[in-house]
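Note that the chains are named A, B, C, D and E in the order they appear, and that numbering of residues resets to 1 at the start of each chain.
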Amino acid sequence: MDPSQLRFILEELRFSAMLPAEVLDQLAAASTIKQIPAGTVIFREGGTNDNLYLIRDGRLALEMSVPGRGAVRILTLGAGEMVGWSALLDEGKMTASAIAVEDSEVVVAEAEKLRQLCRANRDFGYHLMEQMAAALSKRLVATRLQLLDLFAASPTPVPDRTSESEA
Amino acid sequence: MSSSYVAPLPDPRLATDPWRASTVAIRAVRPEVEGVSTYDLAFQDEAVRASYRFAPGQFNMLYLPGAGEIAISISDDPRNTATCAHTIRVAGNVTRTLAGMKVGDTLGLRGPFGTSWPLAECIGRDVVLVTGGIGLAPIRPAICALLHQRRQFGRLNLLYGARSPDTLLYAREYDDWSERGLIVHTTVDRSALGWMGNVGVVTLLLERLRSFDPRNTVLFCCGPEVMMRFTVLTALNRGMSPEQIWISMERNMQCAVGLCGHCQLGPDFICKDGPVFRYDRIAPFLDVEGL
Amino acid sequence: MTTSTAVKSKERFLSKEAFAQLFTVLRDHGYTVIGPTIDQEAIVYDRIHSVDDLPLGWTDEQAPGSYRLKPRDDEALFGYVVGPHSWKRFLFPPEATIAEANKTDAGWQFEGTTDDPPKFAFLGVRACELAAMRVQDRVFLSGAYVDPIYQRRRSRSLVIAVNCTQAASTCFCTSMRTGPQCTSGYDLVLTELASGFVIDAATAEGADILDSLETTVALIETQQEARAARQQAVQQIERRMDTTDIRDLLLSNLEHPRWSHVAERCLSCTNCTMVCPTCFCSSVKEVSDLSGEHVERQRHWDSCFNFDFSYMNGGNVRDNTRSRYRQWLTHKLSSWIDQFGTSGCVGCGRCITWCPVGIDLTEEVAAIRGDVP
Amino acid sequence: MHSKPKLGVFKFASCDGCQLSLLDAEDHLLAVAGAVEIAYFLEATSRIEPGPYDIALVEGSITTAHDAERIHQIRRDARFLITIGACATAGGIQALRNWADCPEFVRSVYATPAYISTLDTSTAIADHVKVDFELRGCPINQYQLIEIIQSLLAGRRPRTPVHSVCLDCKRRGTVCVMVTQGAACLGPVTQSGCGALCPTYNRGCYGCYGPAAQPNLVSLTNQFSAAGVPRDDVVRGLRSFNGYAPEFRVESDRLENSREPHA
Amino acid sequence: MTERTIKVTALTRVEGEGGLYIKLRENAVEDVRLEIYEPPRLFEALLCGRQLEDVPDITARICGICPVAYQMSSVHALEAALGITISPEIRRLRRLLYCGEWIESHALHVYLLNAPDFLGFESGLEMAESFPEAVKRGLRMKKHGNQLLEVLGGRAIHPINVAVGGFYRAPRRDDLQRLIPDFEWCLQAAVETTRWVAGFQFPDFSCDYQLVSLAHDDEYPMNEGRVVTSAGESIAVDDYEEEFEERHVEHSTALHSLRKKTGDTYLVGPLARVGLNLDQLSPTARRLADEVGIAWPTGNPFHGIVARGIELIHAFEEALSILRDYQPARPPRLDYSYVLGAGCAATEAPRGLLYHRYAIDADGRVLEAKIVPPTSQNQPQIEADLREWIPQALSDDEARTSRQCENLVRCYDPCISCSTHFLKVKIDRS
């Protein structure tokens, strides 16, 4: 795809919308666009993966496998969100599997290229990592909220304190 | 906006003695999800039934003699005058006793009490309803009212998070709501086999919401306090202002009329100054621990 | 206060001997007299029948966490300040049946309260207590919903105020602008002198009572003597509370370290709220007979200091003493203003005297203001 | 028809007063007897039915090795186990031995100590098995007991107020004996349940219902000291019928171990 | 040679928990033991070092059925040690409190514990199905007895108003006199009770008792008096320990109280009291004692239920007379100063004579405590009576034999929680 077209796409994505122009150019140059049919496994937990993905359209799911429970879907991600941070930060050792829930379109950036860009251009590195950190912090907060299990019913009924009852 | 959606004056009979309940009979019990049922209650006294009106967001006090009384938000279509629906989760002694009751049994009802969703504010604007768990119940009357006068509003989005796919409330109504112009987005915290929908906390849906015009949107939020805090945070981050955000608070409502002191939060009695508050009014007191 | 029309002030003099007739007159007017009497080593408010029940020759010595009865060297009947009880005990009773439910063939049927109190005559109401009644009137009578029990009791009661001629060390009514002089809210008002009382009526019902008593014109000297006696109370008030911008002061200091400091001492025992003449928190309990077919809903005094007062969804919102004390003080002095257009504090000092560990709210406010180290 | 829930009443080291509370509920006794099957209640009936029991009321503390075993069997037999009274919930007055040299205690009472087989401690039932609900008091309040049984019969979880005795004093118009007399009253830290008896009878509360929720013992005992109550008396006051309840125990130990010269 | 043992593992319808062990050889009684497996609670030890004001509160906890008896004996013993004499008003109020306890305890024993034996029921609650009116009558008497305890003592179990020197607060006249109409009803109910139980079938059984109780010149024994016996002795309470002794008996693990000089067993409780103080009974009680057709003093332990009925009448009648004349004592409690000393006292608990002795130091602390409860005094007598009773009770049906033995034991209304804390107990459940 034409890098200028890619740049235009990146400008529209929540993850990259705030990046300065030259960073966007560089990112666009390091990226391609890809169609992923529903059901495609993009990478597997424990496996390696060389790319960072930004979802343009469609929905991806992250799954972790738990013995006895099989693949547990942890999170679904949609347009504007980033998938595959381990490729960039964790030397490509993936912590979850990513599967396309529906036909999706993703921007694919090669992690090694991004690392090289980061090393070569601290400014690029700063801006990319800032977006990475912001995305990850949101995901961390979301995970915490998930962890709080806010919508769980009380495990056992507790006495109402709305009134003291007495025989 | 039809005046029937403005919080009505209390029934004069109730106003003379706020403690006196009216008899209602259970007309129907609809199991919703595990531990949650909807009870259609009908007033025994025709005169009371005829004069009873509520606005979306208000609550009733349901009284089970011997077991106690609890505040339950009304989850019915405000145009329904024959019965009044309450969606209730078994959580304590009163709700557990209620769960053991059957069609035809009677109980006491006081209400309606409290403030309502500001539907008039929504005219000509987009509306986002963010809700979690049983928090959809107090939003349902607002959905009914919005859809009834659908053309008066812009885009309508419901963002609803539940614990798991089998705990999504009112699932049988989503298609109807969608057809009538409400976009229903659901997500679950705990996925299950075969669930093809979203997984993740409900605030993420707000984060992802497209076609979102922060300056021309009214947001209603109802759910656990922590969820509401982060929903508001997300909404503010997306450019909404505090005056466009309305939340429905919960405290230990006992008298429902501001006389017993139990449900105070800062300068407000949740029962009479709430439960629906504009966010900027309640904001200074929402983040203070133990207030 | 009875709802009769106000009348113009015309001070009269009532001798001590004639004062004794007041009880007969009140009884003839159908009143049950509630007034000060000595019980349990304190001057309490209880049903009294004659002048003999009054605490003749007794006074109280008060300090934070301390109250002692002391004999006086004169024969004053009202020579004390305020005690452990307040009139709210009679207007907003500690236990009351607010509603009833009866199971019939047609299901549960509900009744409101059947509270039918006697007509009370409150004898010896102080200025701060008149203010407290006004505060509770706002709470129970001014909103969209009216408490029927309070309303009935209040509308039928006669208020006979007595001006303070002395103050306790815990009094700070001057700071709250509620006293010590009675200015409104009474049917009759008395100022006690060695020889008798200067008495005045403010309502037609008060005037009616006054006319039934043997009084004489209050001489100028007597009126002056009464003024001096009242002034003596003003001069004795030592305690102060700076109420400047107090609403915002407290609400903008919700995380002040002083809350933790006071929580180290506070017992969360509820005493301050119970003795407070304006505190109105309550809870309802279900009292059913054995068949379970007749149920009474009994309202009783409760307190924001009660551990599970803020119980919700299996936990307590205010789960420690710090948050509970903060709730009480910010409500009383600050958010009360938002809710009812008045402070919830009348400066009677009961919460200071009757705190078992002598916590003094004026000191706490000063600390938050930064006035004490 | 459903068979009636089975009630068992079991006794450990105690005075019998708490189970007597059930027999003292004269107006309710026959109704209770009609609503449950009294399957084990030695004091009231010679009919002894084997477990399991739907409701087991357990009175008394664990003071012997045999009882420490026996309570486990009762727990196995009980669907809902309720401990009743200060002995069962806090070890009772006999828990004073926990601070003493128990063999010496035994020697001082019994001429032939060898015959006495007892543990060195008296402990609460909850120290040995899971307890579903604790009903406080020395003795318990019979209305609370009836209410709990009725709650369980109605499928409700029982509850009892956890606030301080002070609230009850004020409701009934009792004047504070701490403030008027300087009495060392445990009311501000003691759980409601008795109806504020002692202050109403002109004496300080001595803590029959054990610690209230979140009691501030340190502040109260500081106040006692300030009022001139000797530290030994404060320690002794805390060590009575609920002396071994954790909050009271920790405070009496703290006072005993503090060696402030002026205290 | 045939050997049989009869074991009643758990005595029912008695206060506290104990068992019965009987060993027979050739149908002759070889061993009879009232086995008490109540764990010891060591009251006498834990009283030492306590301030004397704590004593009535602590001793109350010895027994939930008769806390007042423990409070009364302890305050009287401490007052003796302190050298204080209470006022007549306080003394009357204490008698009134004691009446409340007798009523509560006797009504409980008669209706819920003992009567079912005579009528063939396993409990009073079961008996209520066949005799609803009688049981309701019993419960109502018990309730009013408890109400008296509540007004005077604050609560029925472990009253809080009993103090060394008097009462913490004198009850209001109105509060007490409000009880009068119910007590008038109860007096009649007690008469009916006595007639009812006197009509029961009593086994033909008699023992040659040495009866021991307090006796007082002016009144039926309750708070004080001399210790008198059916042998004609009159012993000052101060000399109690000269005449009575807790002794280790070979066949038993329990300490038995016996006559010190002769080693004889003796009987305390209602049978002894009625038998030795017939002329001090209230008029109605005295009339009923004659009417029931029992020759007092009786040697038949099964007559205990009738004696309790008579004492119920007495307690209601005496309570009524005190209630009618009641004036609050001023002051309700006498002041005193601490002195080094010792004192003893005996009062009549519902189950019989209860002896306390305390030594106190000059700071008001307990140095030594001795408590002899009624059941430890009756225990050797119970065992002795069982030996006599077994040949008559014996049958091939083991359960029946056990029940017969239990029936006898229940007649004494043993209070095991009380006794155990002072008895020498060996916990042996073989």
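Keep this in mind: a contact is a pair of C-beta atoms (placed from the backbone, for glycine too) under 8 Å apart; a residue touches a chain by one contact, two chains touch by 3 or more.
All values derive from a computational prediction rather than experimental measurement.
Participant: Any chance you could name the chains that touch chain B and chain E both?
Facilitator: Chains touching both chain B and chain E: D.
Participant: Report the chain whose mean Cα position is at the greatest distance from that of chain C.
Facilitator: Ranked by distance of C-alpha centres from chain C, the top chain is A.
Participant: Of the chains shown, whose Cα centre falls closest to the middle of all protein Cα atoms?
Facilitator: The most central chain, going by mean C-alpha position, is D.
Participant: Among the chains, which one keeps its Cα centre farthest from the Cα centre of chain B?
Facilitator: E
Participant: Pick the pair with more C-beta contacts: A-B or D-E?
Facilitator: Between D-E and A-B, contacts are more numerous in D-E.
Participant: Measuring centre to centre with CA averages, how many angstrom lie between chain C and chain E?
Facilitator: 51
Participant: Centroid from C-alpha atoms only, then distance chain B to chain C, rounded to Å. What do you get?
Facilitator: Using C-alpha averages as centres, the distance is 40 Å.
Participant: Could you work out how far the Cα centre of chain A sits from that of chain D, in whole Å?
Facilitator: Each chain's C-alpha centroid was found; their separation is 57 Å.
Participant: Need the CA-centroid distance for the pair chain C / chain D, whole Å please.
Facilitator: Distance between chain centres, rounded to whole Å: 37 Å.
Participant: Going by the touch rule set out above, which residues of chain B reach two or more other chains?
Facilitator: Counting only residues that touch two or more other chains, chain B contributes 66-69, 91, 93, 96, 252, 254.
Participant: Going by the touch rule set out above, which residues of chain A reach two or more other chains?
Facilitator: In chain A, residues 154, 157-159, 161, 163-167 touch at least two other chains, as defined above.
Participant: Touching two or more other chains, which residues of chain C qualify?
Facilitator: Expected reply: 283-284, 286, 288, 290, 297, 302, 308, 311-314, 320.
Participant: In the complex, go through chain A and note every residue touching chain B.
Facilitator: For chain A paired with chain B, touching residues are 14, 59, 61, 70, 72-81, 101, 138, 141-143, 145-146, 148-154, 157-163, 165.
Participant: For the complex, give me every residue of chain B touching chain D.
Facilitator: Against chain D, the touching part of chain B is residues 66-67, 93, 96-97, 100.
Participant: Help me check something: in the complex, which residues belonging to chain D touch chain B?
Facilitator: Touching chain B from chain D are residues 151, 154-157.
Participant: If you look only at chain B, which of its residues touch chain A in the complex?
Facilitator: 34-35, 66-71, 89-96, 132-134, 161-163, 167, 187, 189, 191, 193, 195-201, 203-204, 207-208, 210, 223-224, 226-227, 230, 252-254
Participant: Show which residues of chain C lie in contact with chain B when the two form their complex.
Facilitator: Touching chain B: residues 98-99, 101, 103, 106-113, 139-140, 143-148, 251, 254-255, 280-284, 286, 288, 292, 295, 297, 302, 304, 309-314, 317-320, 322-323, 326-327, 330-331, 334-335, 338-339 of chain C.
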